[in-house]
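A, B, C and D label the chains in the order they appear, each numbered from 1.
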Amino acid sequence: MPSMTMIQALNSALDTMLDRDPKVLTFGEDAGYFGGVFKVTEHLQEKYGARRCFDAPINECGIAATAIGMAVYGLRPVIEIQFADYVYPAYDQLVSEAARIRYRSAADYTVPMTVRMPYGGGIYGGQTHSQSPEALFTHVAGLKTVIPSTPYDAKGLLIACIEDDDPTIFLEPKRVYNGPFDGRRDRPVSPWSKHPASEVPEGYYKIPLGKANVVREGADLTILAYGTMVHVALAAAEDSGIDAEVIDLRTLVPVDIEAIVQSVSKTGRCVIVHEATRTSGYGAELTALVQEHCFYHLEAPIERVTGYDALSARA
Amino acid sequence: MPSMTMIQALNSALDTMLDRDPKVLTFGEDAGYFGGVFKVTEHLQEKYGARRCFDAPINECGIAATAIGMAVYGLRPVIEIQFADYVYPAYDQLVSEAARIRYRSAADYTVPMTVRMPYGGGIYGGQTHSQSPEALFTHVAGLKTVIPSTPYDAKGLLIACIEDDDPTIFLEPKRVYNGPFDGRRDRPVSPWSKHPASEVPEGYYKIPLGKANVVREGADLTILAYGTMVHVALAAAEDSGIDAEVIDLRTLVPVDIEAIVQSVSKTGRCVIVHEATRTSGYGAELTALVQEHCFYHLEAPIERVTGYDALSARA
Amino acid sequence: MSPRKSNALELHIPAPRTRPGDKPDFSGWSFPEPGDTPRPDVDASAVEMREFAYGLIRVLDLKGAALGPWHPRLDAETLRRGLKYMALTRAFDDRMHRAQRQGKTSFYMQSFGEEAVAVAQTMALDRGDMCFPSYRQQGILIARDYPLVDMMHQIYSNAEDPMKGRQLPIMYSSKKDGFFTVSGNLATQVPQAVGWAMASAYSGDTRIAAAWLGEGSTAEGDFHAAMTFASVYRAPVIINVVNNQYAISSFQGIAGGENTTFAARGVGYGIASLRVDGNDFLAVYAATQWAAERARSNLGPTLIEHFTYRGGPHSTSDDPSRYRPADEAKAWPLGDPIARLKDHLISIGEWSEEEHKKLQEDCAEHVRTTGREAEKVGVLGVEGAHSRESMFQDVYKDMDWRLRAQHEEVES
Amino acid sequence: MSPRKSNALELHIPAPRTRPGDKPDFSGWSFPEPGDTPRPDVDASAVEMREFAYGLIRVLDLKGAALGPWHPRLDAETLRRGLKYMALTRAFDDRMHRAQRQGKTSFYMQSFGEEAVAVAQTMALDRGDMCFPSYRQQGILIARDYPLVDMMHQIYSNAEDPMKGRQLPIMYSSKKDGFFTVSGNLATQVPQAVGWAMASAYSGDTRIAAAWLGEGSTAEGDFHAAMTFASVYRAPVIINVVNNQYAISSFQGIAGGENTTFAARGVGYGIASLRVDGNDFLAVYAATQWAAERARSNLGPTLIEHFTYRGGPHSTSDDPSRYRPADEAKAWPLGDPIARLKDHLISIGEWSEEEHKKLQEDCAEHVRTTGREAEKVGVLGVEGAHSRESMFQDVYKDMDWRLRAQHEEVES
């Protein structure tokens, strides 16, 4: 099996789906000839023609809206928002439209579209190239929110999103695009090729939405994480010597409540890790779920390890 | 003291501030000559001229953006978004701009603006005239989020928002604009005039942001609520005979953590009530805060009584 | 504030010429004569066509004669069908407006005075073309023979409501009729229509899309998105701005109508733009036909501004005499679209006052009978019209564990 | 997919004439001759002025002569100042671009080839006028004599960075210089500028606002908001579209440049619109002066499209030879703004090649010295450049309990 970076795995997912299904097309700012600023759509225009993979005007609202129209027609558009920090102009179309069209039309119309966007800090992007807006989507009924942490998951989950009949928000942790950064700033980041989850099959496969992955078993503490923070949590577990179970949620909505309950019922302790600012972050929802489902198993308060309620992100 | 409905109290707050401070002006869709679709700005154009209170084009992004520009100039604009359901086109300007300008410019520029919007269900508005998007603002560092539950609070809090040097999101529970609906569908809603908090001073007064109000004392259970749900919680406490303490949060960010901790430490039980959909709603944050601060006092799981994770709102 | 300087700037706030109490005044508008506007070839370049955005395409004069190169020369049967659909739309609106007053529904919105736009356009389009309406194009459904009773079920939010009580009254949806689910959020449907049109072109299909929005709604960013994408990808779409001169209480100056026309917006994007008398059934039909042919020939989008007048209130929630002269509607110089088409049919000997009276009575009767049928199923406020389960359905294709749990919670 | 029909629709995807490997080709553009465009009165109506959006205001010919009614007739001293600011901007860009290559900063963006826009405009505006730039108008700060060293501190994100390390390099802010905090989000500043201008008019002030955005950014909804509000309230604002023909890798056709000019957007809103040779210092100056006088006379907004060419990469993060002919910049027929102003000054006997060489050396030296000064304070990656507390400051005027608690947490 070839070893891929997360970027290559995402590119392979798009390649696979463009090849399999003529209803799939992809577009976004600089996504065509140039192949995207992070190269996720590289060579796709060359291979499938400008009709299947093209550049869009700098209008995220229009990118989302036209994708909705295409999905309503019966296609399966995959759009790229250049940075998650720039999704807000599309927010109305995603929240008021994509999320609601099935419901408000009593399933007369549906919107099988996928919104891809790099998110998170760590690339010296300052306060507008580093945001983690996942909670702004998890609150929205009608949307599914998915975040991979490895090349293997990235491809399998992206294909699952493209084939899903509902609109999906697919957030890509750009800090681990090229290697599993684990928060140890003192050591160089090892490349993906050294990581088992960089073994990515060439062809078609899916990872079901809504299923978490126990990436480390442990008895004393459950750590819930997603994206880059999965690697940080694993490193922290290792460094601290605590017998922690680390769960990579993979899908935030609908979250794999069974996996969470099973683990916390066993460990009695839970720590939640995310990059986003704390207040009303997705960690709040996870805290609420854990305490609702596992209250009588909890031996200590659930802890949130999150970004501060500031706007920082070093330039 | 005159008795006012919440609409009248809000109108009086704007009137007071337009009168006191030439830097205050207000605008929004139909907010000028017509006085707003809910009449909150009624007679203000007549009294202060079109320059101080005027109609805006139907572009919430532009309404927010021009208000930001005005605030940067040194004015104190108050804008009306006709329904909170229609704030999303303004979301980018509020989240990426209003919330961040102080921070990103190291306080070189500031944005003392107030965003007023009616929110919540109960007026047969269907799924786009009934939403409660507060959690989409509480997650955003740099914004303050305020929700009154009575005429008295509405005026005092709105004035505090207008005088605040940071951007404030002021959500008005439209279900109680004209009377304290308490969820008892079998009884007619009594008018505000029968409620003590409809006694509203004519002139200037403020209610400090960040201070909750214990509207009912009790020993056995703490109910955290805001907006319409304060009245529903009070009625529920009364009907059930439970000795519940009801806290009207008034400000969601920054929330009055002391009031919450003091109450839950005493009662050992906590129920959180809101209209918004459950997942990642503000109740999640409250649950997390309570369990982080009061874990060892809790005798039962914190419960969320919320809207379902559906998009419903009967037309 | 510092004292006023001699060269001080001043803030301009647009105000209409007239307010309640004033005499209606439309003297500010000047209209080209019917028949005077030339008809460009469908492959004319948008640049050459710029002046059409500032004129007004008119076919019918106010006496009922049809004139000039835009005359679509429809057969009498088609014209009578158009008249019937418009009359039926008006009768339907009238009954539903009154039903709201009677408490049978919470809300209603008429298209009074603007019926020609939706009806003539639908007739000029192909049956398979996809419509993305705003909330004032009930005429599309009616012209596609959608059952009135289903519209009423939706308005009454009763057990037969195809939207299961989830939408505000009048927010219909019918995929089989090419009628997109109406959104409460203004203008969102316009870039969606562009995307649908792009998808049709992508698929080598022959169907085109059409979208409608009010002049007030052109201010939304979604309109700009639609125009930009339509221009860039030459989408086979017709974007219709229904300029009925009001957005709730705001006159069109608040939407930018003081300084230019709404058709001019299209010029800014290099999109072919037509400005049409929206109360002239034949002009609306002809302009739509032109734009549809252009789109179908891979020549790209057209913007049409339909200049009309909102004859009624914005909705049942407002009283227009609070913000405009009470008798202004009657003073609108371009008349009533139904009366004008009727006069034309009579003038060509294909209709009579008696037939017209009969048509109106038939429409009223049809609407009345249908109304009774719908009311039998239920009106506003019937408890249990929709299963509790339906509240949790269609959020996603399949209910997830949260929705299943919450559904169980309500049922227990 | 069904088999292709004969009348099948086709999706149009714009493509540039040339790609890497091709010979640069600007033959598609035709330009009016310098001096040929008339100069309307500042109170000309936008409607009368429509053709200006499709022409190109040029003053300088390519030999250095200044011609026609737009010639602003500036004294030689002013022209030399303009030349100096442009040269300094270029020298600054050059050094900072190299500093990024040397790892001293994470990111940089040059304005290479577009220096005339920011510099001439700033000089044509009053000192108190408020500028809402995009990220490519460092020339504004330089022409307002903002200390270069402070710009470098910001770029190096060091202890003296006025933005305290919170912003991407080049996202300056200086209220005292009327330079608004640069946003990472494209086009958001444009409707804010309109609001600022409205506030100035509201206050009876005399100061006007100016905003800049790229041609690619005109696609954003914020641009539409800005144009709509500017038109409706006749805001005293100048909206500048810097058409440098690229938005990262996308040629201007992707932003809608295939079907019309960007100045034409203004026509759609009934806003006076000028299209200017952006590499012609005198034309840019004159157009700005015209628009500023118009705004100051309560005659409302102006849109100016500055037609120029992005000489360098989008930023240090991209290599333009991956998406356009490597030598395209040199082929741009409207030349280099610095060389053109230099030639003009020489042709009128107010400058010489020697003086120019000296100016360039002085600029390079000034930038080098300043660079050393800034580097002494620190470059990218110095730990502890900003206090931990500063991370929690300025989120609000006062830290709330959450920020205080979180600050305490980091300190402990």
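Worth a mention:
Please note the rule applied: a residue touches a chain if its C-beta (ideal position, glycine included) is under 8 Å from a C-beta of that chain, and two chains touch if they have at least 3 such contacts.
Because the structure is predicted, anything quoted here is derived from the model rather than measured.
The minimal number of chain-to-chain contact steps leading from chain B to chain D is 1.
Following the contact convention of this document, B, C is the list of chains adjacent to both chain A and chain D. Put simply, the C-alpha centre of chain C and that of chain D have 41 angstrom between them.
If you average the Cα atoms of chain B and of chain C, the two centres end up 35 Å apart.
Separating the CA-averaged centres of chain A and chain B is a span of 32 Å.
In chain A, the residues that touch at least two other chains are 51, 56-57, 59, 61-62, 85, 88-89, 92, 96, 103-104, 127-128, 141-142, 253, 279, 309-311.
Residue positions of chain C touching 2 or more other chains, listed in rising order: 1, 11, 13, 163, 166-167, 171, 183-185, 198, 200, 202-203, 219-222, 224-225, 228, 232, 254-256, 395, 402.
Taken chain by chain, the contacts link every pair, so each chain touches all the others.
Across the complex, chain D meets chain A through its residues 1, 11, 13, 15, 19, 106-107, 157, 163, 165-169, 171, 183-187, 216-217, 219-222, 247-250, 254-256, 317-318, 322-323, 380, 391-392, 395, 402-403, 406, 410.
Across the interface of their complex, chain B is touched by residues 85, 88-89, 91-92, 95-96, 99-100, 103-104, 127-128, 135-136, 138-142, 253, 276-277, 279-285, 287-288, 291-292, 295, 298, 300-304, 309-311 of chain A.
Residues 25, 51, 56-57, 59, 61-62, 65-70, 72-75, 77, 89, 92-93, 96-97, 101-110, 141-142, 144, 165-166, 210, 253-254, 257 of chain A are the ones that touch chain C when the two sit in their complex. If you check the complex, the residues on chain B that touch chain C are 22, 29-30, 32-34, 37, 50-51, 54-59, 61-62, 85-86, 88-89, 124-129, 278-279, 308-315. Across the interface of their complex, chain C is touched by residues 1-2, 4-5, 7-14, 46-47, 50, 54, 198, 200-206, 208, 219-225, 228, 231-234, 236, 253-256, 258-260, 264-271, 296, 298, 300 of chain D.
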